[in-house]
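Sharing a structure here in structure tokens format.
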Amino acid sequence: MIKLTTTSRRILQCLLALCFSSCSGIQNSINPAGPQADSLSRLWWLMFIVCSIVFVLVMVALLLALRKRTPHSDVTPVLEPPADQERRKRNVVISAVTITVIILFVFLIASFSAGRSMTAELANKNGLSIELNGHQWWWEVKYQDVDASNIFTTANEIHIPVGVPVTFSLRAADVIHSFWVPNLSGKKDLIPGKINTIWLQADKPGVYRGQCAEYCGLQHAKMALWVVAEPQEQFNAWRQNQTQTSMPPLSDSQKRGQQVFLSSTCVMCHAVNGTPAGSNIGPNLTHVASRNMIGAATMTNTREHLAQWIRDSQSVKPGNRMPQHNFNEADLQSLLDYLQNLK
Amino acid sequence: MSTRTIIDVSELPHHEFDTYDPVWWGNNFLLAIETSMFAILIATYFYLRQNFTLWPPPVAQLTDTLRPLPELGYGTANTILLVLSCIPMVLTDRAARRGDRHFSQIGLVIAIACGVAALVLRSFEYAAVYFRWDSNAYGSVVWFLLGMHMLHLLVLTTECVLVAIWIFTREFDMKHRVDIVTVALYWYWVVGIWLLIYAIVYFTPRFG
Amino acid sequence: MFSRLLLCALLCLFVGSCKREQRQFSQPPSAFKSYDVTMSDIHPGTPGTQQPTQNPSDQRAFDANEGKRLFTQYNCSGCHFNGGGGIGPPLMDAIWIYGDQPENIYSTIVEGRPNGMPSFRQKIPDSQVQQLVAYVRSMSGQLRKDVMPSRNDTMNARRSEQRTERKTPQQSTAPPY
Amino acid sequence: MSDERAKQPPEISTSTISDEELAEVMEREKGELERTWARPRGLHGWLIDTDHKAIALRYIVTAFVFFVLGGIEAALMRIQLARPENHFLSPDKYNQIFTVHGTTMMFLFAVPIMTAFGIYFLPLMIGARDVAFPRLNLYGYYVYLIGGILLYAGFLLNTGPDAGWFAYVPLSGPAYSPGKRVDIWAQMITFTEISALVGAVIVIGTTFKMRAPGMTLNRLPLFVWAQLVTAFMVIFAMPAVMLASSFLASDRLIDTHFFNPAEGGDAILYQHLFWFFGHPEVYIIFIPALGFISPIIITFTRRKIFGHLALVLSLISTGFIGFGLWVHHMFATPIPQMGQSFFTGASMMIAIPSGVQIFCWIATLWGGKLNFKTPLLFVLGFFAIFILGGLTGVMLASVPLDLQIHDTFFVVAHLHYVLIGGSVFPLFGAFYYWFPKWTGRMLSEWAGRLNFWLMFIGFNLVFFPMHQLGLHGMPRRVYTYLPETGWGMLNLIASIGAFILAAGVLVFIVNAVWALRVGAVAGDDPWAAESLEWAVSSPPPHYNFHNIPVVHGRYPLWQAPEDAPVVRGLSTTKRETLVTSVLDAQPELRFEIPGPSIWPLMVALATGVTFIVGIFTPWAFLVGAILAGGALTAWFFGDPNYENRPGHDTEEKSETVVPPGELQPKEV
């Protein structure tokens, strides 16, 4: 009987938790914000409810089987149980198996149709196309366009217009990563030497967090990104800005900051369009100030965090590829001025 | 007083050929393991082939041929040798079954000679493959195929040597007659697998 | 007897792996010096601080491997190619113009050398220079075998560092070209 | 089998004997038999002992030690994840720990301990005196031990593998895993593979050829069926991972290009190879556990199992289908749609045989004379947990849904529900059920119940919240997470549960130690069970059966007639057992089983040297080959029974030394 309570406890806990979870979260697969995630969560709920019922039924059957106790004195083994009883059991078992098969068929159909809905109708629409390149441990985002002047590169923050299907072609620079924004769709792997494709579409504006879902080494845990879904015109404005070259330094401090940037380690890995800095080993910083997060969505993009990141990113994200820098205070401040000006 | 029947097995033999002997079964299942290993290895060969437009990959500095196909000479010689080596093995097998010590001694010696010769030929076969194991995936998988089979040749020959030493120096007892039959089986298997590998390594690049 | 053998095996392992597997991502800020960024690439003969002969990265497989990554990343391969040399002198042979010791290579990278080797002072932090030094020495097999990098995931230019036999360094005063 | 039919069945004479006479003869033979089968003296004797029971117990103890180590690693991970941005472990350490945890539980605990049960009980259940190849058996154990020690030596020396227990390339490859960490993983795989394959061959050989007269395939116990199916799966699955790990090692050590895309290699190839083994692996762990459940249910319901045939068939079909669904671990990779659909179908299909078995067992429980002892309790726990895990498994089989929950904590929850629920709970049931047979003493009943409830509640606390964590988007294998993700609460619950679970295991250890000292004496058959192992004393004598029994049904002890015939005529001075025909178990041979020998240990050491030193220099393979060759030669030329000649001193000294001549049963 204790078993019954534990079982029911689990069911209850499960239901509660799921109901709760399904109404919040910027990185949540059952809080869909796009057609794919939506059909997925519907598939999930179907399977979850059916499976819960099956589970409860089997448990009840088990408990009913256990209710009959016999005195321990009676231990003579039963080798020939009553035939009619056995026949009844056989029928029950057979029908149970049949029901299982039917349920599996339903699941199979449901899963196929869901899979179809995820790819089919988006595949032939033409929308935005983005090339996503996974690095240890950050995301390089290249916006493709027929018009060469609209092609630009950013990192760790993907802006997409609401209601427009976005095609991602996924590549990896080093090891296997996996691109996953639960609120929008399932995950796809980024595999060296291969090109993988996934379609996304956001129906509600909002910010959705994604994270690398294939173990990729030391900082797998802190390889995240943000997808910002915004109305078309807002998106256009953003893209307009991104295609520009970097803001020229205005104040003296910013000018010095640029000098520091160009004559120290920064320039070896980072690119700032419109300056000699053109390396693409680290994230492209042309519009770094316009981003919400730094360090692959590890910290919010504030001056303090930026300073901490430049000085000693290893304390925040041990093992990441950004070395420590011990600029003196003045240089650091002017560097920060410069970077924060890169809107 | 209650009595019970006795099944008296004291007359039963200690060893018998084929399915009677657990050793026979043990040996066959080891062969089954190795067979599935080779099956997967061959699958790998064809899987990797998909990544190449030309197989084996062309080499710029080769002028006479576009594709450095593995040269047939040594491989073919080895194949012929191995196939022929089955004849003494079959005879040894028969001899062991009917308990002809002298004959099986001769047979084993010939077999060992064939084994050694095959090993020597094999060491030339690697050179017949244009690529080294560290040149590209093609080289790697071909070397691995040849190497794995060579390993079996080596084990097989050693096993023959051991059995031979025994029946030359010690008694020609049932136990070791069973061993000879088992070794013979292993021999047929090694040859059979080689025919497959030979066809795949040397001819699939040529036809198709 | 089994246990004794085991003990020996353990000891061997320990000797090998005490330094080899160390992955040190950050020095305490005190360890690296604060400097004023000079605004030009010309450094009138200010000698760089000499590194101790013993380069800690020489013991660490991770560092040697990082060095290998940085070697292509910082485009050392642009001149030295995969060590075979081209615009710059080859690094995988036994001939050393400015010395084969870690501190020589360190100052070669930091100070630069005549005939085209630029100075990377301020451009590459010490820790990474050390990793590069370790890798450069591994190209001619100067490090322990179990520390040197194995093959990379790119086109197969030459056999991996861990399979290159150790070359005995010879000094050469001849200018590269 | 055809030419077996062709051959004349060998001569077998039958006679009758009164029980008194029989008892008298047996009394006279006893001493001789004891001496023939006894373990040689001292440490040396312990090292070379080939008694399948001794070896199996060593396997079990070793594997359990690794289980505890793996558990400790799990606890460390749970501490690290208990709250966001925790600094208890560095990412470097954390990655090593979860890799070693997975590797330990899969390769050093689950597979070996299941094999060990087979090695211990097959001969006892089918009425043989030892397994088919005792020395190979010993070799298998030593190789496994070396593999385990290698992994942990590496781990303690900061050389623990850190690329995950399935070590995907390129991360585990030469370019991204410098040092020797992954090489140690690859070689450890090789060692455990060898021992698993050896174990499989032994299980099959023993089951096919060493069954007591009358134990036709039709009467084979379900435990043995499970072991047999598992052994066949091992034979076809393990070579794949052996190749995968050797490809990986050679890529890392001698520059081959199997997984280097730039030279025509392929990263997906590794995943195919690994999962072609990796998925059957799950069933290799799980099917033997099904074999534990049936005897426990039979014993504690006091009735024949419902649907014996259905159970056997579903075991076999599970074995087959198990090979048809490895790709469902790779749905996120670019795999053609067609393939995906096929593997979805197969993955769902596997639910059917599992369902059949569950239903049959429940039908057996229904109206049986239930006796709620701890083993049965654990089996009931198995039902609750495994069914839940199976249902989430069906969800994971669906391609689109899998794309959401693949590689998240949902999968972590699922696989622990299936493996702990499906294997560890039955395993603990089996501990409680068979402990008396191993030691002759009973485990405490109330401690058993405490153990069960702690484990059951603890387990669900740890792993149930992980389902939600997965749906909330928490990927697996992260060493920490940001506070704003809101995963803190559920993770904390899980971490608390981990320690309750650990407490449960601790209770078991205390219980076992206590029982060994002062546990109630069990007697031969404390549960009044049906299978043959309960016919012999607890712990069983070295020679298992004095007279090979004759089996009359699926439930030998329940169906044994008063005057069951006995098999006589096996030598008492040599280690002989009866070999019978594969299908209908007709006596065929008096097979002489090799006795203790030092050479298995030597060959194992040679193997160890080869692969461990091979990490550092390829020359090791030459040296190792020579060493192994020498040892094998000695093995081959060694007298199979050189330790067991009469007069050779053993720890047993019997008073009744009768000249062997009189002991021949013919004169009875």
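Details
Labels for the chains are A, B, C and D, by order of writing; each one numbers its residues from 1.
Criterion: a residue touches a chain if its C-beta (ideal position, glycine included) is under 8 Å from a C-beta of that chain, and two chains touch if they have at least 3 such contacts.
All of these numbers come straight from a predicted model, not from anything done at the bench.
Each of A-C and C-D has its own count of C-beta contacts, and the greater count is at C-D.
We define each chain's centre as the mean of its Cα atoms; on that basis chain A and chain C are separated by 38 Å. With each centre defined as the average position of its C-alpha atoms, the distance from chain B to chain C rounds to 47 Å. Centre-to-centre spacing of chain B and chain D amounts to 31 Å, using the average Cα coordinate of each chain.
Within chain C, residues 23, 151, 153, 156, 159 each touch two or more of the remaining chains. Multi-chain contact residues, meaning those touching two or more other chains, occur in chain B at positions 134-136. Residues of chain D in contact with two or more other chains: 92, 170, 175-176, 254-255, 257, 260-263, 266. This structure has the following touching chain pairs: A-C, A-D, B-C, B-D, C-D. Against chain D, the residues of chain A that register as touching in their complex are 3, 6-7, 10, 13-14, 17-18, 21, 24-25, 27-30, 37, 39-40, 43-44, 47-48, 51, 54-55, 58-59, 61-62, 64-66, 68-70, 72, 74-79, 81, 85-86, 89-90, 92-93, 96-97, 100-101, 104, 107-108, 110-112, 114-115, 118, 136, 174-176, 178, 180, 182, 185-189, 191-197, 209, 211-222, 298, 318-319.
Residues 23, 25-27, 29, 32-41, 73-74, 122-125, 127-128, 153 of chain C touch chain A in their complex. Here chain C touches chain B in the complex through residues 151, 156, 159, going by the rule given at the top.
Here chain B touches chain C in the complex through residues 134-136, going by the rule given at the top. Within the complex formed with chain A, the chain D residues making contact are 90-92, 95, 163-164, 168, 170-171, 175-176, 261-262, 266-268, 302-304, 306-307, 310, 332-334, 337, 340-341, 344-345, 348-349, 351-352, 355-356, 358-360, 362-363, 365-371, 380, 383-384, 387-388, 391-392, 394-395, 397-408, 456-457, 460, 464-465, 467-468, 471-473, 475-482, 485-486, 490, 528, 530, 553, 555, 558-559.
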